[in-house]
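Take a look at this one; I'll ask things after.
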Amino acid sequence: MTTKSIPVNPKQTGLSTGKTKTALQSGDTMKALVYFGPGKKSWEEKPKPLISQPTDALVKILKTTICGTDLHIMKGDVPEVSVGRIIGHEGVGIVEEVGTAVSNFKKGDHVLISCITSCGKCDYCKRGMYSHCENGGWILGHLIDGTQAEYVRIPYADNSLYHIPAGSDEEALVMLSDILPTGFECGVLNGKVQPGNTVVIVGSGPIGLAALLTAQFYSPAEIIMIDPDDNRLATAKKFGATQVINNSKENAIERVKQLTGNKGADTVIEAVGIPATFELCQSLVGAGGTIANIGVHGKSVELHLEKLWAHNITITTRLVDTVTTPMLLKTVQSKKLDSKQLITHHFKLSDIINAYDTFQNAAREKALKVILTNE
Amino acid sequence: MTTKSIPVNPKQTGLSTGKTKTALQSGDTMKALVYFGPGKKSWEEKPKPLISQPTDALVKILKTTICGTDLHIMKGDVPEVSVGRIIGHEGVGIVEEVGTAVSNFKKGDHVLISCITSCGKCDYCKRGMYSHCENGGWILGHLIDGTQAEYVRIPYADNSLYHIPAGSDEEALVMLSDILPTGFECGVLNGKVQPGNTVVIVGSGPIGLAALLTAQFYSPAEIIMIDPDDNRLATAKKFGATQVINNSKENAIERVKQLTGNKGADTVIEAVGIPATFELCQSLVGAGGTIANIGVHGKSVELHLEKLWAHNITITTRLVDTVTTPMLLKTVQSKKLDSKQLITHHFKLSDIINAYDTFQNAAREKALKVILTNE
Amino acid sequence: MTTKSIPVNPKQTGLSTGKTKTALQSGDTMKALVYFGPGKKSWEEKPKPLISQPTDALVKILKTTICGTDLHIMKGDVPEVSVGRIIGHEGVGIVEEVGTAVSNFKKGDHVLISCITSCGKCDYCKRGMYSHCENGGWILGHLIDGTQAEYVRIPYADNSLYHIPAGSDEEALVMLSDILPTGFECGVLNGKVQPGNTVVIVGSGPIGLAALLTAQFYSPAEIIMIDPDDNRLATAKKFGATQVINNSKENAIERVKQLTGNKGADTVIEAVGIPATFELCQSLVGAGGTIANIGVHGKSVELHLEKLWAHNITITTRLVDTVTTPMLLKTVQSKKLDSKQLITHHFKLSDIINAYDTFQNAAREKALKVILTNE
Amino acid sequence: MTTKSIPVNPKQTGLSTGKTKTALQSGDTMKALVYFGPGKKSWEEKPKPLISQPTDALVKILKTTICGTDLHIMKGDVPEVSVGRIIGHEGVGIVEEVGTAVSNFKKGDHVLISCITSCGKCDYCKRGMYSHCENGGWILGHLIDGTQAEYVRIPYADNSLYHIPAGSDEEALVMLSDILPTGFECGVLNGKVQPGNTVVIVGSGPIGLAALLTAQFYSPAEIIMIDPDDNRLATAKKFGATQVINNSKENAIERVKQLTGNKGADTVIEAVGIPATFELCQSLVGAGGTIANIGVHGKSVELHLEKLWAHNITITTRLVDTVTTPMLLKTVQSKKLDSKQLITHHFKLSDIINAYDTFQNAAREKALKVILTNE
């Protein structure tokens, strides 16, 4: 999940309240990672969640991970997250119990948890914009308790969970909760990557690499990766980039001009989220091309309409909808996508505080994604 | 044509030079409107143009018009326009002569002149991006002599002229040279206007009205027009706007929120070209919606990615390609589009200096488009 | 609904069984039109339906209508319809009661009933193919009891009902249960109708007329209607056809050739369902065009691939998905679509046997759609 | 080229006549393969072609190949081919001379010859339907002299030739004249192949294999190849098929049902051209899927609308437009497509009679495509 200051939906807060209420009825407990305000988190005992709506499922977490957004939450950058909230919006697990209206899942099913909760029945869900679901959206580990815990309650389970086929590598599938659909939907699909085209990805962090992996579904001729970190660029090369540019050492604009015969790129994917990188994207895109933004921006940017107004450019933004999760599951099953490459570190779920340390020092630790296993 | 500081193509300059050369071979003259530097123009004698390439046609102008861009040129805002240039990029006429490689047209054919010259054989033309034609694009009345004259040379005539069906109202078709394809392609098509949707058009000048007329091809439920001029809004009402908002008198953002149940518009069309109106557009567009820019911007604008990054927004820019001219001709023929509504004033071509006066004082004169007839 | 021999889904049959079971628990009765085998129907007392699933709603019918498919059922052409089944799949009503998982609707809401039941959570529903819903699809008045009754149980109410805006003409909205989305989705959308194009509709019955009305959303230049009945063609003219051809009196193929400059039509909509009309469509479509089938076919047809293989043709089939119902509601609200024109006769619901008589003799009675009001 | 009985365009015949006329003015000769009626062909002396239009180019053939359609011509199946015609519509060569209106190419350029001649200025060319070009289309080796010769005249050279990048394997590019764009456009693009989808290709001959190679641009989860020849299926496996079915030995319908969880395939590509294989395709396609026809059909087929009318199916036909040739060139350059795999045999151009023998006995010779080199 990549987010910042998404307007809070009253119904979503309602869901959160509902949860607290039902928790009071239960005596069972579990361990979970809890946010206690900026800089404060703790792995501690919490009431085990309960089914509170007929459309809920209760899922025992098998594996989860940490997202860059979780670091933002921990810094206090996401004010909607209240003190006492269990963090996390990714993971795979086993269904423990389902509400009376849940029909796609039953106790014992192995499931992939989507970072986006979709009710399946509001206008946005019907249009495939699950991110803007009037009753869900990104609520896990944000407006309701999340997945960095032994158990999690999943609202609208029929539309927010996905069956894991028998024999799957479940660790690899944790990458399908958020990072891969984000790179694919916001970067690759919005960027209209096509066979034979030239794609530039600005930012070779986990999300840029997720875009790199899924851009290859469409066989572009060139995928050029730009980043100031040589180590990340080496990873990009390994993951399929055809060219890499260290923009702290060389002029990326000149290099892309040269690689594209002065025409600029067909698709430019912004995978950082600061004004400087968005500025760079505007200099890299060719006439008729697309800038697909994935980055979470905290500030406005300067848009050079005085140049771009006549260049037939498209700029897109998107919060991941996870509407492509079924497609992505098939590409992992059929080995067209090796999502496991994104995983660099493993921890026990109970060792999550150390996992945060590693993930927070990604450059030093050469960390991309960490896997936390509930043993 | 709406333009400002389009990078000049050397081949295009070449065309211009070519023209001058052949003109020297002829003794015939004609009258034309000539640009003599900022603020200076004159209706005067010039050599009648000659066929210089096998793909050229020579067209006798029947009717032409003045574009807002011509006013910019006259102010000196378009530095590529050299002193001595004949202005104008719109019109209908009769073919006087064709080069040896022209096969779609012959002497005596009545033709619509496109503001965009398309060679039909470069990469951009093959992709339908005639605006970026490597051998043409917007060159008429810009890099080569234009249509505010008794005669004009049209390069790549087979791809840049269109047959006028017998019995057509030729005056109405002058609106298809530039303003209607611009409103339609840059605003309506890029804005993905759909049946049942809500469209907002910011700016009720000629180009906004062209978008308004052609948006109705797709039967949106609401077309809301925003402008600070009540007279223009009255015209918009007459042309089919379902709601009008005078944003000098009322809060346009609040009004659109109310009209859309707080969801914002599906399509917002920018038809002004200044930072304030682009800023407004960003506050009007709903999640999943599109901002389609038509306006010619002289300055950069502030893009609120800190809000929009998560709103699944698309922003488009486009220089008109006139790739829809055949479609628009059919809609005029079948009376789905009454392009004549845009015409408010008539002049003789030889009276063009007065026509400029009227057009320059559009608000006072209640002028939209003027027709100049070569009698 | 237009259907014949759709494979029966076991889950759907299950729904039907569920209904019977709960009905036994209630003492209330209502009147309904019941099918008793080929040629036998009766307006008689039946148990009032009950909520049997948390996702159900119970709706009191205000207005309903009769579909051509109901006539097929009555003849015994739809073998899945069992003796004792209440017929009907269209209507508007008032919500009487909702199950515990229904959140979009509450008692007292005025609702439009879709002919297609959508669970919103199977693979097909997520792809917008509600017609193939694994838990629904066309089941009303087919596999479960339908709407030609005082009350009806609607499964998956949140996804299968639509709010009627206050102040609507509810009679007009009955046309949105089936016939208008059918004409629009199967004919107009699948047929890719575009501004300026030429559309031919073969068959000027109610469904062809529904395609005619909704094709106009996209401003085609020509809509040519073909039918052997002059009365129906006169209606088509009134509804917006630009040309009508009585193919019992003149050669439709020659006429269309002449009207299209020998190029053939861009879109041909088959709205009859017999081999002869599908054969005709193949002779009318131009290179690059589309034949969009709406007709319910009882026999295979001959496809002239020996000619069409090289003509860049698309042929589409579709069972209505009603995925465009929200869009259609907006077009009715904004008066872009006058759906009421399709209504020719009115009856009391209790007078339904007479209504069937009239509708069965549509040509003699000049009947299009009849409205039955539950008074 | 795959063709049979395409209606002959008078303008195209005109081009042919034009050619003959100019040939008379020259004394130079060359060797070429000439058709002399059913079963009769000869490698013999012919006048070297001349530039006859300002848009022509004269190309010296470097490498050419033989197409299945050439075999049809030789059998007399293509009546428009007149006695004395030079056959062949594929190849690479060097530009020898260009007409006065040709600007994209000059003497000495290495070029790929497209099997489709495109004028770039008729309605169909502007729509990207070069196959239906009013002045071109498939005319090479059909209505005008072709490429199985030492020299060939190419009309509309600017739109019908493509630059070969320096350092290319020119042999591999011969596959881009016809077979690869045919498999890609008619099969893969029309079939809407998508990541994660299931594709079935019926027919594992050269054209089915071309579809197989290019389908992989879009990373479908499964590509199932069906053919009665084990040798061809082995090739398919090597080229990337995930499953192969010998339908002379096993029930293809049952196997595909099982492989797709009874849902049927998303895309079925017909690459044979007989009623039996088109019949099979109808049983393999799933609801919502597409049958993309590539096969050249000599007879009509039975279309089971009595079943398919309700299954949301799309059927497409297409004569290759070669509109994707620039894209395909980029995929070959960037090694996303190894087109050379299709080449099994090599001959001198002067040994073309033997090459025909081998190609005619493809099964026995295990031949896919042969390369003829003009040494």
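Chains here go by letter, A, B, C and D, matching the order in which they are written, and residues are numbered from 1 within each.
In this section, a contact is a pair of C-beta atoms (placed from the backbone, for glycine too) under 8 Å apart; a residue touches a chain by one contact, two chains touch by 3 or more.
None of the values given here were measured: they were computed from a predicted structure.
Visitor: Does B-D or A-D have the larger number of C-beta pairs in contact?
Guide: A-D
Visitor: Find the pair in B-C, A-B or A-C that has over half of its contact pairs, by residue number, in common with C-D.
Guide: The chain pair with the recurring interface is A-B.
Visitor: In whole angstrom, what separates the CA-based centres of chain A and chain D?
Guide: Whole-Å distance between the two chain centres: 43.
Visitor: Centre to centre, by mean C-alpha position, how many angstrom separate chain B and chain D?
Guide: Here the centre of chain D sits 41 Å away from the centre of chain B.
Visitor: Mind pulling the residue numbers of chain C that touch at least two other chains?
Guide: 326
Visitor: Please name which positions on chain D make contact with chain A in the complex.
Guide: Those in contact with chain A are residues 194-197, 216-219, 221-222, 242, 326-331, 333-334, 336-337.
Visitor: Can you list the residues on chain A that touch chain B in the complex?
Guide: These residues of chain A touch chain B: 3-6, 124, 127, 129, 131-132, 273, 278, 287-288, 293, 295-319, 321.
Visitor: Over in the complex, which chain D residues touch chain B? Could you list them?
Guide: Per the stated touch rule, the residues are 53-55, 99-101, 103-104, 119-123, 125-126, 135, 158-159, 323, 326.
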